[in-house]
Each structure stands twice: as C-alpha cells, then as structure tokens.
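Each of the next two complexes has chain A plus one other chain: chain B in the first, chain C in the second.
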Partner chain A sequence: MGEPTELQARFDRVLAVMFSLAQGQLDARVELPPLRQADPLHETLDGICVALDMLAEELQATVIRKERYESALEQLQQTQDQLVHSAKLAALGELAAGVAHELNQPLQIIGLASEEIRDAIEEGDLDTAREFLDAVEGQVTRGAGVVGRLLAFSRRSEGARPQVFEIDAVVREVAEMLAGQLANDGVDLELRLDAAARAMVGQPDELHQVFTNLVINARDAVRDRPERRIVIQTAEDDGSVCVEVSDTGTGIPADVLPRVFDPFFTTKPTGRGTGLGLSVSHGIVQRHGGTIEAHSEPGHGTRMRVTLPAPPLPESP
Partner chain B sequence: MVIPFETTSVSQILWDDEHHIGRVVYDPVDLHDAAEAIEITEALDRLRQSRGLENLRILVDMRSIGALTRGAREVYGGPHVERNRAVALVVGSVTSRVVANFFLGLNKPKAPVRMFTDMSAALTWLGEFRHG
Partner chain C sequence: MRVLVVDDEPLITTMLARFARVGGFEPTVAHDGLEAWRLFADHPEGWDLIITDIRMPHLDGVAFARRVRASRGDLPVVFISGHGDIPDVESFSPAAFLAKPFKRAQLLEAMEATSTPAH
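And then the complex of A and B:
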C-alpha cells in the first residue's frame, strides 16, 4: 500500500469527525479548505465537509442553548420553591396569633387542674385527683393536636409523592385550624362540603396552603364589615372537583381583579401582606392541573373558585 | 450596465443599473464569518441609501463561496433582512448549494429568499418584486 491519496485522507477525516461527534465531542470539525476541483467526486466531498462542519456547529449551539434553558429552568424552580416557602411562612405568621389563643386555653385548664390535683392528693381524695388528671390528659391531647396541625402546615411538601386524598378532608382541616382565629375576629365560617365521595391524587399539604390563603384573604376582607361571613363550598362534577371560598367583604375593584394573581401584588396595608399568597396558590393549583378564578362585585364580596381535575380512580382489586 | 459600488474583504458589491438591483459576488473564500457578513450588509445599506431606496432587491452570486459560519448566517438572517425586498441566491457547486440550503432551512429569513442555479431565472424572479 502506498501513501493515501488526498481524497482518501479527506474521507478518513470526515469519518473521524462523525465518530467524534457521535461520541459527544461536539467541537470536532473537518475544517479543511475546499479542493475546488471540477470533477463530481471532489465537489461532492467538498460539500460533505462543509455540511458536516455546519451541522456540527448547529448541534453544538443547540446543546449549549438547551443547557442554558435547563439551568434557567432550574433557577426558576428554585425561586418558585423559595416563593412558596416565603408565602407559607407569611401565612404561618398569620396563624401564630390564633395558635397562641388555642394553646393558651388548654394550658389555663391544665394549670387549674394541677392545683385541684394537688389539693385532692393532700386530702387523700384520689378519685377526684384521677378525674382532674383525665382532664389534664384531654387538654394535652388538644394542645398536641394544635401543634401537630401547625407542624403539618409548615412542613415543605416538595418532592413528596402524590397522595390519594379527599378534598373535603383538606377543607375541614383548614377550617379547624383557622376556627379559633376567625371566632376571635367575629367571623362566621360555614362549610358546605359535598365532594366527599371523590378521591383525588396530588399534594394535600399544598392545597391546604391554597385554601388557608383564600380563607385568610376572605377574613381580611370582611374584618371591617357589618356582616362577617365566609362560606367554603365543595362540589364534584364530571371529572373535577370545585372549591369555592366566598365572603361578604368589600369586594375587589374591576381594575384590580386582573392583577390579584400577580406576584407581590397586594392591596393590604404595608406589613400585612406579602403579595405572594394568591400568586403561589395559582402556581400550586396549576401544578395540580387545575384553575383558580376570582369573581368579585365591589361592595358585595368576592368568590374564589378553585377547580381541580379528579378523574375516577381505578377500583382496588 | 453593472457598476462597481464597493469591495469588501470577501466580495464585490455592484449596482445593476439595467435591472435596478444590488449584486453581491463572493470571492472564492474558504470560510466566511460574521465580521465579513457585517461588512457586506453595511455595504448593501450604503448602496440602498446612495440609490435613495427604501429597500433593495439583491442578487447574491455565491457560486464561489466556501463554508459559512453560524455567526455569518445569523447576521444575514438578522434585522438587515427586513431592508431587503427580495433576495435571489445563485448557486453552482455542491458546497454553495449546501450553504444556501442551510441558510434557507435554519435561518428562515423574513424577506422572500429563493435559490437559483440559473442567473437569468434569478433576474426574472427579482423582476417580479420591482414595483412591490
């Protein structure tokens, strides 16, 4: 075998670049000056070299663009997670006052019962002591329940596996958690739950946060109104469930309504709202494949409607 | 009559007074990059202004062209294109056909751009945009 011809050397170079590209070495190029000879074989080979280099350049640019998009998407996801967490902390702060009230009551009862127990023991009346000990136990259970609900609320659910749950149970939990606080503010809360039969799949903790936000917003809207009333209504339709939180508050002006889901938009006084609650709620509902809508009539209240897909679950064997 | 207008580092820019079109004739360069593409688009802009035209019909003779970098394609596919009424790409070699096809397929120019292997067909097609 003699020295390879120029043509053979070029074919070898083309093959080598193709293999390098296939192995992920995207900066591989033929980069040979064209032969510029009139015969079809040389001309075609020139064309192949140019096409391969241009394709490699395009491929490399596409991969770089994809990596940038992925990095931006990851940053966006992190920011969104932080926003969700911030909004959750803000809502948690709102709850603190209510929780303090809820815990204070059992603690007072425990304090009084302890005195009674001490007296009963000194008098040798063990039956009375036992009765008060039962009362103490009951109040401890009540306090633990309050703390447990608070912990469940503050726990981040990211990365959690989807769970099967009933929307009515989530709404009921929210109502129980906020009941004390709403009672303090003189707000009537009415539940009309009618979606118990429909099991759903998703993140109940996240939806818990959505409904908490909606009820807290409703409470703020009715606070200074003569009639302070919030109704949470659930209903199931073909393939979806719907949760409506309506209030008898001041309502939202028509020019403000389109912006209520914008991040950092708030009509609450400085220091009272982060402007993240509805934005984050919107994100959570979207992640569940649902929609959230705001309907309002200034002077007559607001109705927030969350619709979530709830396809029939396969029956257990 | 075809009148020389400017010479860039990789091409001749001409004014075709008979057909009222600009002409770009590439030199036989091996690799044509973004800086050279900017030179050409700026020269075409000056040609357009010197003729008092809002936009230009251009015949690009790329029969001698070698490879074209991605950056050069982006320049040709950029805002400059909007100042062209129509562009005819005249190709000959396999290489020039590859380059033209890449430009048409990946840059998707907004102005009408078409590839020709025949010079007179390209002039006829550009003539359709004379009053458009």
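And then the complex of A and C:
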C-alpha cells in the first residue's frame, strides 16, 4: 500500500513550495497531477495544491509589477531631474546677457581706474592712486558677487537634503540677483516681504529657480509697457506661506491661461523661451507639497501665486 | 569741445569726465537718458559730442540718441555698452560703438573719428 507515502509526499511537496516561496524563490509550484481518490481529505489536499500554485503565480506577478513600477519611477525621477536642470540652464542663458552687463560694468571701472592709477603713480600722486585702488577693490567684490550668485543658481540640488530656510531670504536673493538687469530695463521691482518669521523645510535652490523664472516672465511681460512694475509679495497664515509675483504687463488671454504650465508651451519669440520654465516650476512647487496658480486679466497684468506648506513653529518660551 | 557723458554708473561718468577734461574737453555728466535729454534740450546747439551708455533707466541710450538726431543730425555720438546689443551705428552716423570694457585710448580714437568729418 503506497497511499500514505504518496499522501505524505504530497504534503512534503506543499511544504517545500511554501518554504521556497517564503525564501523568495517565486517560481516554485506544486504542479502535481490530481490524486484519484474521491474522499474529502484528498479533495481538500488537491484544492490546497491548486490554490497554492495560484497564489504563487499571483505573488510572482505582483513582484514583477512592483519592480517595473520602481524602475519606471526611478527613470521618471531622473528625467525630472534632467528637465529641472535643462530648464535651469535655459534660464541661465536668458540671464547671461544681463550678467554680461553686470560683469562688464565693474570690469570697465577697474580698467579705467588702472589707467588712472598708472598716471597718478607717474605723477607721484599716491593719494589719488590709493583712492582709485579702493574703487578697484570694491569692483572686484562686486564682480565676485555676480559670479557667486550665478554659481548658486546653476548648482544642481537633486538628491540634496532638505534644508530649513526662510522664504523671504530666498525672495531677497532672487531680487538682488535680478536687480541690475531690471533697473537696466527700466523695471521697478517692489518687495513686500511679510513671511520672515516662518521657517520652511525644502530645497531653497529649487525655489530660487521658481521665483527667478516668475520674475523673468514678469519682466518680459512688462518690457514694452508704459508702466513697468513688478511686485513680489510674501505672506503667511496658519499652515502655509504664499509668494505672489504680480506685474503690470499685457496679461494672459483666457484661452492661453490653462496651458501656461504645459511643458514646451511658450508665447515668447523663437529662441527666447523654451516653454519649460513654468512647467518645471510647477513640478518643483508640487514636490514641496504646494500649489502654483496663474491669475490674469488681459490688459491688467498677471499674478502668479505660489503657496507652500509651512506648519507654524512651536512658540518659543 | 563740450561733451555730454551719459552712464548710469557714477564711477564711470566720473572717470570718463576726468579723462575728457585732461584731454581738453569740457564734460557734463548725466546718469540716465531722460536727464541727458533734459540737459541736451536746454541748449541743443551747445554740444560737440555725446558719449552714452545704452541700457539705462527711464530712457535708454539709443532712444536718447534718436531724439538728439531729430534736432541735431550732425552731432557725433559714441555708444558704450556692456551688453551685446550693438546699435545700428550706420543709421546714426556720425557715430561709433565701443564695447565695455574699453581703454581710454580706444575712446579717444572713437571721439576723434566721429568728430572729424569723413573725407
């Protein structure tokens, strides 16, 4: 009578498959032909074998799906990082002309001052020479500041640890970086900063990029207008801070408004805009758990509103 | 020779004016296009040369020069700029363009070239 042994072998097989599955060997299956006996015990055992194989099948499929999702997610993250960086480089290109001017001004002063210093030394007028040397030193510091801000802007922040920062400080840096260019274009920039007390957690470099982008867009919108004015306003309430960039520009037509955050959508002339700025800004704000909205009325300017979560800090004693 | 020196950077106007004075010119400085236009419009015939930056607040150098041209077609203009934006110098003749940073000798050359009638 081989029946108990056959039954035993079947139980052993079920057990072995369960162990294999538990150890991660997901292609393990019972895969034995049904027993011929028609008693409930055998039927149940057959059922267990079939059910176990089905579960193993499902488990394997789920794991494969999960791995595919993870690799797709990773790829998406990489693409997103690349996109953020290319948009940053594009914005950098737009900044380049202004930066050339910001660097050429101090270089011009240094150059002329050097000629003056040479003359003064030859005439033995050391006081005048010292005076111009002070000017040279001041302009070197000024040039280094321009380069430093540019480097801070081009820095990649992917994978960087979240930092604690103040939104007002980020806005102030953006304003400082763009002040020279805006003045040159005859654009008034007004800051109404009212969120200084609120500490935030996130990537200040990325938000720097967002606000730079919003101000550059605003500048392009007001450039040919009689009134050229940009206001950056920050405010805080219970759980969030809000940064609003408003301009006195041409405004965005109602049919264009829903598309401004679409990748590669641009109304700027060829070669001026990539159409990535707002779409990447949208991504950055979203990753910070916030929202970005465009409000505009043609002829009355545009208001871009970024809202970021910022839970209130516990009150200090 | 009366020269109007226009740049929004006071250190630059100071040094250019100083250089012009040493070269025997009589410089007056302005720090944006509008201020320059007011100075010019007070005595349109009182100037022999204009040296002007291009990108400036209120009224840029090219727009300022265009206004000047409307009343003084013969007045030499030397544009100076740190931007890549080179104005159409031909249409402003007599005019010259100098990219910043330039040396005093280059400026002097441009001043002389524009002030001396061609041929």
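The rule is short, and it goes like this: the second predicted complex is superposed on the first by the 307 of 317 C-alpha atoms of A that agree within 3 Å, B and C clash if a C-alpha of one lies under 4 Å from a C-alpha of the other, contacts with A are read in each partner's own complex, and residues count from 1 in each chain.
Convention: contacts are C-beta pairs under 8 Å (C-beta built on N, C-alpha and C of every residue); 3 or more make two chains touch, one makes a residue touch a chain.
Note that this is a predicted model, so its numbers are computed, not measured.
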Per-residue contact with chain A, leading partner among chain C and chain B: C
Chain B versus chain C as contact partner of A:115, first or second or both or neither: second
Touching partner for A:100 - first (chain B), second (chain C), both, neither: second
Which of chain B and chain C A:36 touches, first, second, both or neither: first
Which of chain B and chain C A:185 touches, first, second, both or neither: second
First, second, both or neither for A:135, with chain B first and chain C second: second
First, second, both or neither for A:44, with chain B first and chain C second: first
Which of chain B and chain C A:53 touches, first, second, both or neither: first
Footprint overlap on chain A, where chain B in one structure and chain C in the other make contact: none
In the complex, chain B residues that touch chain A: 28, 30, 66-70, 93-95, 97-99, 102, 106
Of chain A, residues touching chain C in the complex: 97, 100-105, 107-113, 115-116, 135, 139, 183-186
Contact footprint of chain A on chain C as seen in their complex: 8-9, 11-12, 15-16, 18-19, 55-58, 60, 81-84, 99-104
Chain B-facing residues of chain A, complex: 33-34, 36, 43-44, 46-47, 49-51, 53-54, 57-58, 61
